[in-house]
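For reference, the structures are reproduced in the following blocks.
Both complexes shown next keep subunit A, but they swap its partner, so subunit B is in the first and subunit C is in the second.
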Partner chain A sequence: MIGASSIRKEGRAKVLGTAIYTDDKFMPGALHGLTVRSEVPRGILRAIHFGEGIPWEEFTCVTAEDIPGTNLVASVVDDQPFLIGIGEEITHSQQAVLLLAHPDKFLVEKARRAVRLEIEELPAVLDIQSSLDLQPLIYGTNNLLKEIRIAKGDPDPIWAQAAHVIEGEYRTGAQEQMYIEPNAMLSVVEPRDGLLQVTVWGSLQCPYYVHGALRQLFGLPEKQVRVVAMEMGGAFGGKEDYPSVNGGHAALLAWKSGKPVRLIYDREEDLACTTKRHPSRTRLRTAFDAEGNLLALEADFILDGGAYATLSPVVLSRGAVHAASVYRCPHVRIHARAVATNTPPPGAFRGFGAPQSLFAMERHMDVCARKLGLDAVELRRKNFLHMGDTMATGQVIREDLDLAGLMDQALAAIGYRDKRAAFALTNPGDGPIKRGVGFSVFMHGCGFTGNGESHVASVAGVEGLADGTVAVLAASTEMGQGKNTVFAQIVAEALQLPVELVDTAPVDTDHVPNSGPTVASRSTMMVGRILEDAAIGFKLALVQQGFLVEPYTPESFQAAVVKAVATLGTLRCYGQYHRPPNIQWDDVTYQGDAYPTYSWACYAAEVAVDLDTFEVKVADFVAVQEVGRVVNPTLAAGQIEGGVAQGIGWGLWEEVTMQRGRMINNQMTNYIIPTSVDLPRIQVVFLENAHAGGPGGAKGIGELPMDGPAPAVVNALENALGALRLDEVPMTPDRLLERCEEVSHG
Partner chain B sequence: MLTKNAAGVKARKRLCMTVNGRAVEIEIDIRESLLDVLRDRLQFTGVKQGCSVGECGACTVLLDGTPVNSCIYLATWAHGKAVVTIEGLAQDGKLTPVQEAFVDEGAIQCGFCTPGVVLSTTAMVDSGKCFTHDEVRRELSGHLCRCTGYQKIVDAAERALREADIAADEHPV
Partner chain C sequence: MRGYLPDFDVRVPASLGEALELMAQAPGSYTPLAGGTDLMVVYNAGRLKPTHFLDLSRLAELRGTEEDATSLRFGALTTFTELRECRAVHQHFPNLVKSARATGALAIQNRGTLAGNIANASPAADTPPSLLAYGAELALVSPRGLRRVAYDQFHQGYKRLDMAADELLARIIVPKPLGRGFHYFRKVGTRQAQAISKTCLAAYARIEDGCVAELRIGLGSVAPAPVRARNAEAALLGKPLASLPVAAAREALLADMSPIDDIRATAHYRSVVTRNLLGQMLRELANA
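What follows is the complex of A and B.
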């Protein structure tokens, strides 16, 4: 059970091709939906012209005027309309203006091209600096979607006293989640018992987000909206908030047409208009004493939040909390801002703001080591957090934490010292291949930031079925990460049953409670913990009502459930999140326990750079992490390997090229993700340190591996090539060539 | 439904092929890809659409034993050919050794690339050739996977190849 590599629950269906993803659902008579978008970054919509040669009378067309409820997508801030109406302001190039549906998918595409939008263009803000400069003002009173300040001590008097003050500026680019299944929605809206019933089946991470969005869009009570999560072909955050938008669009078309509607994005549309990782700019200022002890840290952390707030306030929050990283520092000031631009809103992507600020800090530590004349390993060792230390938010580390041990293990595994020594001898030679080895040390907060868990107050449960097996009731979705299997293992462990007797119920808001969104590395640790409680409650209820006698065998348990279901009918037991008394957080001052706990890691990378082509090959990679107790070693290793691949991609190749606020490399042919020949074998090591708050001692794991690869790889590039301005990812061949030329041209 | 394209040419055609061993005869629109026909008309939804430009490999099917991207293969070109989709591998619910290797090695996460990779691996196994580690990675590089980092996929493919090799040694043809 917990600790065993149980076989993936839905693996058989997936390998047989019988797993049903949204676009696979058989729905006779369904119309094909399409979205007509603005194509200019900012302007006023004056008119929609329906061109000639299209049998428009056969089409279902939905505009803003048709919307029955509120034309705002329910989110952190309700500022994003589903559709822009005539006379309203278009704020990014992919803004939806008109929805079309028709039975013929070729014709609906032809019709989309025949629509002409009359837009009075306005000057647009397309980058962070223009937004900060209010050139022009496009959002609120200051172009800020969110601003956060975190303070500990007072850095101001330190700068003058310190032996060394080192500053740096670091940038990270947008990144596409590139789940292999594009966004997909299917909707039916029909009267049932005289009431309108809105149903959406989709590829979505957070059924209750979509549920809330549909209720607001149609102005309907809870019971008249149903959201079903289908098998999902990857998400990585990309299907966290966007499904509220396209789910709404599909439902609007289904409502107006009275027919089922499929709204399946093709890859080009998906890449151009759905959310990405936020581009960032981080300015760091650090003070050290003569021995290299960190005395003060100031971070100015900025995210490009795009045209609407969407999830930017919470992405910013996580990024800000992680900005001081794993170092002990008495004086910290973090100023974090998410700025508005006229670009399609970025959103959640594995890591959620932390990869951006951690890239800056982990690059900066190597730069500082060089400038201080210290070894990057020893500089970190001197400054690591330990048990009893206080983080930037005032959070005290209460767990046994050995970052130096993690680091030493990763460095030993990659052969850091030997490789450094060898490359120092070989790199000065004439050959075009230069080698380097580098690393990063980092953490990832498990679960929501701050009071997030208290606000959501998740509920999850277990249900006894008529055949004596147990079903998990939770709205947490399976996107490939292994939720079905891990939840079954946690419940099986709590009930002392073989994992085969536990499975998850279909994720349908008519049937499962709101266990919160499937995000923030929270499902195993937070929802798993609730399930553990629910399972124990379920067993106690069976005992107390005389159906079950302890000790029991799996057979006698199954017989007890069969009898209880036959006697009582429905047999369910729920648990709910309760904030542990020792976790305190203040949303206003940003002080307290930002997370119930953290996962910790050191990643090390070896690179080979070809100075003829400036291609970078990652030759070796080691990922050592402490993630509490590992529930399923195979699935956990899969999470790390996949996250590392995405992190290397972000660090080296994955570039979103924007032109006039529009992604222009919006295909898999020119947005480059790693293939099987681009990656080395990744050595994954888990150090287990059971966390009291998680089920069976587990902590969060999903996002951690996204944080470390980019700084480790870029630090390795510095080792290979010497002191260059390696301050940005992705460090593409073009960018690397440019940086090398800066040095050779002085 | 359109019956003629812009040039006025008749846009429908009869297509005869076998899919997973069964003869299929169907009238198609000549603009339809093999992917469209397999998914939309014949309900072989195990064939996945990921990019529509032949880049991701999720739509891979075996055409006379060779893996092809069905999204950029016009259905009409499949006339007279034998198509195998992921639904055609297991017989009577029994997984093939390649499918078993993918399940056991943890090579499946979201599962959207899985049908294509399993079919390409099947073609490698069926070829009877030996592959080095690098060759396995190269053979599978036409399949984009965003979940696994490819490690467990490569492990599964190598396991399936190894087992087939042992099986071949035990039962020389």
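What follows is the complex of A and C.
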């Protein structure tokens, strides 16, 4: 059970092709929906013209005027309209203006092209600096979607006293999640018992987010809205907030037409309009004493938040908390801002702000080591957090943290010292191939930042079924990460049953409680812990009511459940999140325990750069992490390998190319994710360290592997090529050429 | 799919004669369809003008590879997979094997055809540099008969070909290199597989008495169409391997290219890296 590599619960159906994804769902008479978008980054919508040659009378058309409830997507801040109305302001190039549906899916596309939008264009803000300069003002009073300050001690007096003050600026680009299944929704809106009933089936991570969005859109009570999560072909955060938008669109079309409506994006549309990782710019200033001890740190951390707030406030918050990384520092000041631009809003993506600020800090540590004339390993070793130290938010490290041990293990596994020595001899040669090895040390906070878990107060449960098996009741979704399997293992362990006797109930808001969104590396650790409680309660109830006698065998347990269900009708037991008393957080001062715990890691990369073509090959990769107890080693290793692949992609190739606020490489041909040939062997090492919070001692792992690869790879590039301006990802061949020329041209 | 299906239809001629007759009846209104690996991408994106597809897949006349003493003659419908699997291609034209191997992935290699790769006229196509390096010829067929054209005369500008509206590409004829040959091919794509070329250089040289006796260099992705690097070739022809004028050849190559900035690379990157590829090729040639 816990600790075993149980096979994936839904694996068989996926392999046999019988798993039902949203677009597979049989729905006779369904119309095909499409979205007409603005195409200009900013302007006032003056009119919508319906062109010639289209039988418009056969179409269902929805505009802002049709919206029955509130035309705002329920989110952290309710600022994003589902549709822009005539006379209203368009704020990005993919803004939805009109929804179309028709039984003929080819005709609906033809119709989309026949629509002409009359837009009075306004000057747009397309990058971070223009937004900061209010050139022009496009959002609120200062173009800020969110601003956060974290303070510890007082860095100001330190700068003058310190032996060394080192500054740096680092940038990271947008990144697409590139789930295999593009965003997809299917909706039916029909009266039931005289009341309007809105149902949405979709590819979505957070059923209750969509549920909340639909309630607000239609102005309906909880009971009249139902959201069902279908089999999902990947998400990575890309189906965390966006489904509230396209789920709403599908439901509006279904409501107006009175027919089922499918709204299935193709790749081009999905890439152009759905959320991405936030681009970032981080300015760091660090003070060291003569021995290399970190005395003060100042971070100016900025995210490009796009046209609406979406999840930017919380992405910013995680990024800000991770900005000081794994180092002990008495004086810290972090100023974090998410700025508005006229671009499609970014949103959640594995790592959620942390990869951006950690890239800056882990690159900066290597730059500092070079400038201080110290070894990058020793500089880090000197400054690591230990038990009893406080982080930037004042959080005290309560675990016996051994980052140096973690680092040494990763460096030994990749052969760091030997390779450095060897490359120092071979790189000065004439050949075009230069090699380097580098690493990063980092952490990832598990679960929501700050009071998030308390706000959501997740509920999850277990249910006994008539055949004596047990079902997991949770709104957590399976997106390929293995939730179905891991939850079954946790419940099976608590009930001492074989994992085959536990399965997941369909994720349907009519049937499962709100266990919170499937995000933030929280499902195994947070929901798993609640399920453990629920399972134990379930067993106690069976015992107390005389159905079960301990000790029991799986057969006698199953018989007890059969009997209990036959006698009582339904048999469910729920658990709920309770904040542990030693965890305190203040949302206003940003002081306290930002996360209940952290996963810790050191990643090391070896690269080979071809100076003929400026192509970078990652030749070897080691990922060592301490993640508490590993529930399912195969699935966990899969998470790490996949995250490393995504992290290397972000570091070297994946670039969202924008022109006038539109992504122009919105095809898989031109948005370059790595193939298996582009990736190295990835050696995954887990150090287990049972943490009391999660089930069986588990922590979160889903996002961790996204944080470390980019800085490790770029640090390795510096080792291979020397001191270039390696301050940005992706470090594409074109960019690397530019940076090499900066040096050779002086 | 963004193409509007009712705007398209497909004719499936059973013989080459029937195909040519159809094309002659309404010149310009048919679009030959071979593997479809280029056409379907454009159709899917909704960027293909309404047309009548002329499906070539039944035309046995356009299949197969014939070998004689001096050349290999590839049928228009020869796939990348067939190129990779053909012993004679490995023996005489290793660059063509490398081109085929570097094209898309297996599924594309199974469907995509040599004639399609040429007639699609993309400057980034991967077999044209090799075909240029080997001095290939094309056989075009129309109701007026068969016509041969040197491949390095076939591309006349961006997507402009020496091919009339009623003509089909029938065969690709590649002369077997004689004597002591040197072959070089390198594609620099946006990644290691499933990638479009940012630049591509293929070369064939015949070495005689320690000198470059014959040399052809084909370039991809650095001009509006695949091109011969005639200036660089001229700088190298007749020169001894022991003292190749590397700097002069690299310089000359600038006049062979007219690269642009696009979504995959900057003009500057293309210019620098293509010259570096020439440099690498010359290092290998010097040691050949």
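Criterion: the second predicted complex is superposed on the first by the 746 of 746 C-alpha atoms of A that agree within 3 Å, B and C clash if a C-alpha of one lies under 4 Å from a C-alpha of the other, contacts with A are read in each partner's own complex, and residues count from 1 in each chain.
In the analysis below, a contact is a pair of C-beta atoms (placed from the backbone, for glycine too) under 8 Å apart; a residue touches a chain by one contact, two chains touch by 3 or more.
What you see is a predicted model; the values in this text were computed from it and never measured.
Shared-chain residue A:T613: touches subunit C; no touch with subunit B.
Look at A:D734: by the touch rule set out above, it reaches subunit C but stays clear of subunit B. Of the two partner chains, subunit B and subunit C are each touched by A:D266. Of the two partner chains placed by the overlay, only subunit B lies in contact with A:F26; subunit C stays clear of it.
In the superposition on chain A, A:A541 makes contact with neither subunit B nor subunit C.
After overlaying the two complexes on the shared chain, residue contacts for A:V562 are found with neither subunit B nor subunit C. Within the superposed three-chain model, A:S5 lies in touch with subunit B and out of touch with subunit C [touch as defined at top]. Looking at the superposed arrangement, the partner reaching more residues of subunit A, out of subunit B and subunit C, is B.
Look at A:I664: by the touch rule set out above, it reaches subunit C but stays clear of subunit B. Contact with both subunit B and subunit C is seen for A:L107 once the two complexes are overlaid on the shared chain. On subunit A, the surface patch touched by subunit B in one complex and by subunit C in the other comprises residues 106-107, 266, 667, 669, 674-677. Within the complex formed with subunit A, the residues of subunit B that make contact are 1-2, 29, 31, 39, 43-53, 55-56, 58, 85-87, 89-90, 95, 99, 102-104, 106, 108-115, 118, 134, 137-138, 140-154. Residues 1-6, 45-46, 188, 190-196, 198, 263-266, 268-269, 272-273, 276-277, 279-280 of subunit C are the ones that touch subunit A when the two sit in their complex. Contact residues on subunit A toward subunit B in their complex (touch as defined above): 5, 7-8, 10-21, 23-24, 26, 104, 106-107, 177-182, 231-236, 266-267, 479-482, 634-635, 637-638, 641-646, 667-669, 673-677, 679, 681-682.
By the touch criterion given at the top, residues 105-107, 109-110, 113, 266, 268, 432, 611-615, 617, 653, 657, 664-665, 667, 669-670, 672, 674-678, 733-734, 737 of subunit A touch subunit C in their complex.
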